[in-house]
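First chain A sits with chain B, and in the next complex the same chain sits with chain C.
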Partner chain A sequence: MASSTVPTGSRARRGSRAPEDRPVRRVRRQLPSSPWLFAAPGLLITGVFVLYPFVSTVINSFTDRRTLIPGKFVGLANFRELLDDDMFWIGLRNSTLYVLGVVPALVILPLLLALLVQKNIPGITFFRSAFYTPVVASIVVVGLIWVWLLDERGLINSLLEIIGVGRVGFLSDQWLLLVSAMAVTVWKGLGYYMIIYLAALANVPRELHEAAAVDGAGAIRRFVTVTVPAVRSTMVLVGALSSVAAFKVFSEVYLMAGPSGGPAGEDTTLVMLVQRTGTGLTGRVGYASAISVVVFVVTVVLMLLVLRADRKDES
Partner chain B sequence: MPISRRALAATAVAALVLPLSACGSGSDDGGSSDASGKVEGNITFQTWNLRANFKSYFEGVIADFEKQYPGTHVKWVDQPAEGYPDKISADAAGGTLPDVVNVSPDLVAPLAKAGFALDLDKSAAKYKKEYLAGAWASHQIPGMSGTYAFPWYLNTGPLFYNKSLFKEAGLDPEQPPKTYDELFTDALELAKKSDGKVATLANVPTVEDFGRYGVELMNKEGTGFAFNDAKGVELLTKYKELYDAKALDPQALTATPESSGKKFLTGAVAMNPGSALDLGNFKKQAPNLYKNIGITDQITSTGHVNMYVMGLMVNAQTKKKPAAIAFAHYVTDAEHQMSFAKKVAIFPSTAGSLDDPYFTKEDGTDETRVRIAAAKSLKTAVNYTPVLFSDQMKTALRNEVAKALQGKESPQDALDNAVKACDTLLQQQG
Partner chain C sequence: MSVLEKTRPDRKPAAAREPRVTDEHGRRIRVWELALRYVLLLVVLALTVGPFLWQLSTSLKGPTEDIYSSPPSFLPGHPTLHNYERVANTIPVWDYAFNSLKVATANVVTNCVGSALAGYALARLRYRGRRVATLVFILAMLVPVESIIIAQFTTMRELDLNNTLIGVVLPACIASMNVLLMRNAFLNLPYEIEEAAFVDGANAWQRFLRIAVPSVKGTLAVVAIFAFMGAWDDFLWPLIVLSDPDKFTLTIGLNYLHGTFANDERLVAAGTVIAVAPLIALFACLQRYFFRGVGEGAVKG
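== the complex of A and B ==
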């Protein structure tokens, strides 16, 4: 590429009198615009599908806009209303519980799974593929399968009845419903994060394990003192990714708890509340936007907390 | 040619800001109601999940219309059932709402308020007498004058029940419940005899159930809800008894019509509302159930069963008003509604059509028996769902009902809260 040969720095900016530099100067004149042109498609897509909706949402959150009726500026009224909205607090509680329930499981379990399938033994590819299958399966299909399994007359309840435990209201009790949805999220996410850990584990020097083993460390000790520190940055990444995804959970809870968000709406998450409030012909777009802004702020705070914890550990 | 950074930045800002300036459409202009002029031009007709099963029917109707009115061209688009209101709202906000749109009364209300629905009392009053009075009135909005859609097909359905479950519980399978009192008594008996394993009902009461029970749903002025009266509390108290006795399915609090239909198919639930269409499903998916299927009338304390109404709305902003009105009328006139009714288990909303032998003469089959019973009840049926009752209101009522059933609130408090929430949403609708 011609541009890659162009010298940078003050000499290049001043120009050079050397005859062999002339073609280079001609190329350089096109430089300021060329990167922008290359970036234009990406910028355009980001602008239209990311920045514009974001800015639009923030603007709408300060209006009383409805789906078919343009709103007027109402200042912080939507945010004040949020404070008195029981359903908002239920949504915030459930989304927070989701993070607390799902993230530790998604940080630890895929690592253990990755350790299990890391070794090259005959037939291991089958297990790797099997663990990854839920990741590529449609969430709607997965959700429906789990609804059938957990139904009052489903397979799991039938087994529980056979062993004398009796039927459990996985889909009728608000807390069990939330836990069931978390289980589906963890089950579906295991394979994805397992792959990330497999890549990280491949970079852990074998000598470290051998040295620890020579020093008399057992398998658990080696895991704690060698493996975990070696993949710590990956664990932080997985924690950050899964916490953001968990806080914005929608599909699993929607499919298992139904559009009303479980019994009396007690399993509603914040994103479900955005969907329920802001869509349809009578949707309150302004109010739903205010909830979205809160979701955004909490998500950013979550990310910052994870990164800060990582930096603290490093220092 | 080099492009300056300023020019690029300006372009990026314009790309972001221009769409913003275009947002928040909606229109104060309700459009002229003048429908005079020649029927000609291109119009778009949108249906609600009908192409899969009725493609040839609609193509035939459109071809006949274009033949009758040379110079017209109808483009037919069909939208899936899922997310239909969102599709309409996106089209309305984006200025791409089709000229003739398939709607239900609750969809018409916000569109009419925002000026997207043509007032047919002004533009097409001459057709009013062709339709059943109740059907014509179903697209009128409290607080507004006018009618905002042509009534199209009607539907109602019987209550199906599983005779073998009734028999196992010691109930007479030939004597299903006819009143709410009988329903509650039989349901408790069925739950008791099956040790709570068989529920009679799979859904929590909806606003239609309150209507059928005889509860006043809205005040006379249509400015507020009123289903928290003594009768409403009585109904909810009865449902609470059913829920505690497992006569109402424990998963009813999160049930959808689809999930309760499946429970009925598997014999987990003894009764379920449906339509003549369901008989075919039973035959195919649950032959054992089909052998034991019982069919009875909807239970109502008012003497009027519930009906569902579909309509065709004419976009008030259409540039081809005469053609759009003519087409909406053409599709919904007696002849075409009758031919559509013979293809699928729906009922015409045109005056006199329900007296056709097709809806009155027995031929010994279950399908015909259901059809005749439904057509008879439709003559006095009521669309109990208030047109202003939005999805958000349905959720508010459902959540409060669930709290009462779980014992977290008394039925009175739950209904008071539901009315308060629905009134607030009603005011916010403007």
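== the complex of A and C ==
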């Protein structure tokens, strides 16, 4: 960081001399060092803890580095090993399924919820706030609440038993567990995206709705022909945000399936695999970095795909 | 958040003057539609808040009360704080809460100071390399934390800061997103005021502290709240960087509690209530900024 070389004393000196300085001279003498001093802490932290780790992730992915062993260059060996690693394919499958399961729900349900809380009927601010509560809670709290709710002997199963469905092994079946985790993700995200949609809905011109109503369009028809086109760009934004977040899923599945992702690891997601492979004293940093590179590339591709879909829609 | 702020003032007088309910366009809402809306609202309310209340109820049930009963009993028969005592005897839950508080407070201070300074430099100060600096923050914001977390861990080991609370705080202590939020807030201020101060002989620090920062308090509050919530709720990074149980934050402590005493539902429930209560209280007091943060963050993110 070039900025960190600025002597820290210059700040105090400048401050004390300011009153008698003439503005014109100050422009020349003070501004060259001062802006970098302002930006220095931010640039330093970003450089050391984001950009440097990013570069070293890419470099490490071509080495056999371990937590305690520096490692040497191995070319594409890590990536070749990925292709034969069943656990990698399980992780990629689960993370991809997660995107497919969660994103449609998070694009549509919060929009419907926003329509429900949009009108200013008495008490609506209370409902808006209440619906936001899951967003505020830590994912660990949320995960543990649902582990108890979905327990073999938990509330949901006793309610299912009363209505005659019988008990369901939400957390013991490999696929049901993944679906349950998706439901938890959707449950926690609803309020967040609802607020985004509320802002977008406020900007929909009411004349459009009125004109459609005069033409005899019912509520559902108006939703499809007026609301959806008006908030389309917001739907794309929500789709982009939620698909990137869904692909990187870690905590929900970690808490519900356990650190090893179920009995045979069948519920492991890619980020869980990164965490399991790369941390600890025996961590395979090089191999975990190769998986991290895959995570990065897929999130970038997801982002671009969603944004391209938006551009195609407009043309 | 224009929805919440714009509509709030005119709602109350309208309700007081006339009993009938109108929508945001001043049209009357039919009674059956209104009833349907409230029914749906109550259903969603039960789905979103119900799980929290069930957890609270479980945590208040004593050792003799059946928590698995069918039909379930929603209210504890004899409410007791016994389980909260037990959590404190099982894990040092108050130490963990204090660790979380330290991490979250530090995160608030560093994010507010660091991103205000950097945001000001990007928005207002002229120097070579400003565009490069802006680009650095934009690129950094786009890198998903999960994809560099192993390298962050090895970096922390190189700095000999792994397994410390400082190590927990550092990577996100001046988030690029916050820097860019502050930059936009400063860009939205009229330039003329600062120009006048400049002509009057105020230097960059004086303009920053006396004019610019007081004008962006709202955005600063958003940064502070999301920094607090982010640090208090974070799970993956502290899980990786902390290995010594003495230094656990609440989320890691809860994970440990769940892993070791999974079958003791009352105990885990009491632990989760301790972890979530402070944030719900904070949210209840400062709702406006939570909602504003979503709007501003989403546009940038």
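Simple rule for what comes next: the second predicted complex is superposed on the first by the 273 of 315 C-alpha atoms of A that agree within 3 Å, B and C clash if a C-alpha of one lies under 4 Å from a C-alpha of the other, contacts with A are read in each partner's own complex, and residues count from 1 in each chain.
Note that a residue touches a chain if its C-beta (ideal position, glycine included) is under 8 Å from a C-beta of that chain, and two chains touch if they have at least 3 such contacts.
These figures come from a predicted structure and were not determined experimentally.
Student: Check chain A with both chain B and chain C modelled on it and let me know: fit or clash.
Tutor: Overlaying the two structures gives a clash between chain B and chain C.
Student: Where does A:201 make contact in the superposed view: on chain B (first), on chain C (second), on both, or on neither?
Tutor: Second partner only.
Student: So, does A:56 touch the first partner chain B, the second partner chain C, both, or neither?
Tutor: A:56 contacts both chain B and chain C.
Student: Using the superposition on chain A described above, determine whether A:260 touches chain B (first), chain C (second), both, or neither.
Tutor: first
Student: By the touch definition at the top of the document, which applies to A:171: first (chain B), second (chain C), both, or neither?
Tutor: In the superposition, A:171 touches chain B alone.
Student: Count the residues of chain A touched by chain B and by chain C, then name the partner with the higher count.
Tutor: If we count touched residues of chain A for both partners, the winner is C.
Student: So, A:35: does it touch chain B (first), chain C (second), both, or neither?
Tutor: The answer is second: A:35 touches chain C but not chain B.
Student: After the superposition on A, what does A:233 contact: first (chain B), second (chain C), both or neither?
Tutor: neither
Student: Contacts for A:279 in the overlay, against chain B (first) and chain C (second): which applies, first, second, both or neither?
Tutor: both
Student: If the two structures are placed on top of each other, which part of chain B overlaps chain C: 26-34, 80-88, 224-232 or 350-358?
Tutor: 80-88
Student: Would you tell me the residues on chain A in contact with chain B in one complex that are also in contact with chain C in the other?
Tutor: Of chain A, residues 30, 32, 36, 43, 47-48, 51-52, 56, 65, 67, 151, 153, 258-259, 279, 283 contact chain B in one complex and chain C in the other.
Student: Which of the residues in chain B end up touching chain A in this complex?
Tutor: 2-5, 8, 12, 15-16, 19-20, 23-26, 85-86, 88-89, 92-93, 107, 110-111, 113-114, 116, 249-251, 253-256, 259, 266, 268, 390-392, 395, 398-400, 402-403, 406, 408, 425, 428-430
Student: Help me check something: in the complex, which residues belonging to chain A touch chain B?
Tutor: That would be residues 29-30, 32-33, 36-37, 40, 43-44, 47-48, 51-52, 55-56, 59, 65-71, 151-153, 169, 171-172, 177, 257-265, 276-277, 279-284 of chain A.
Student: Could you pull out which chain C residues touch chain A in their complex?
Tutor: On the chain C side, the touching residues are 1-4, 6-8, 11, 15, 21, 23-25, 29, 34, 37-38, 40-41, 44-45, 47-49, 51-52, 54-55, 58, 68-72, 113-115, 117-118, 120-122, 125-127, 129-130, 133, 136-137, 139-140, 143-144, 146-155, 157, 170-174, 176, 179, 198-199, 201-206, 208, 229, 232-236, 239-240, 250-251, 254-255, 258-259, 265, 268-269, 271-272, 275-276, 279-280, 282-284, 287, 290-291, 294-295, 298, 301.
Student: Would you mind writing out the residues of chain A in touch with chain C in their complex?
Tutor: 11, 14-15, 18-19, 21-23, 26, 30-32, 34-36, 38-39, 41-43, 45-54, 56-57, 60, 65, 67, 113, 116-122, 124-125, 127-134, 136-141, 144-149, 151, 153-155, 158-159, 161-162, 187, 190-192, 195-196, 198-199, 201-203, 206, 209-210, 237, 241, 244, 248, 250-251, 255, 258-259, 271, 274-275, 278-279, 283, 285, 288-289, 292-293, 295-296, 299
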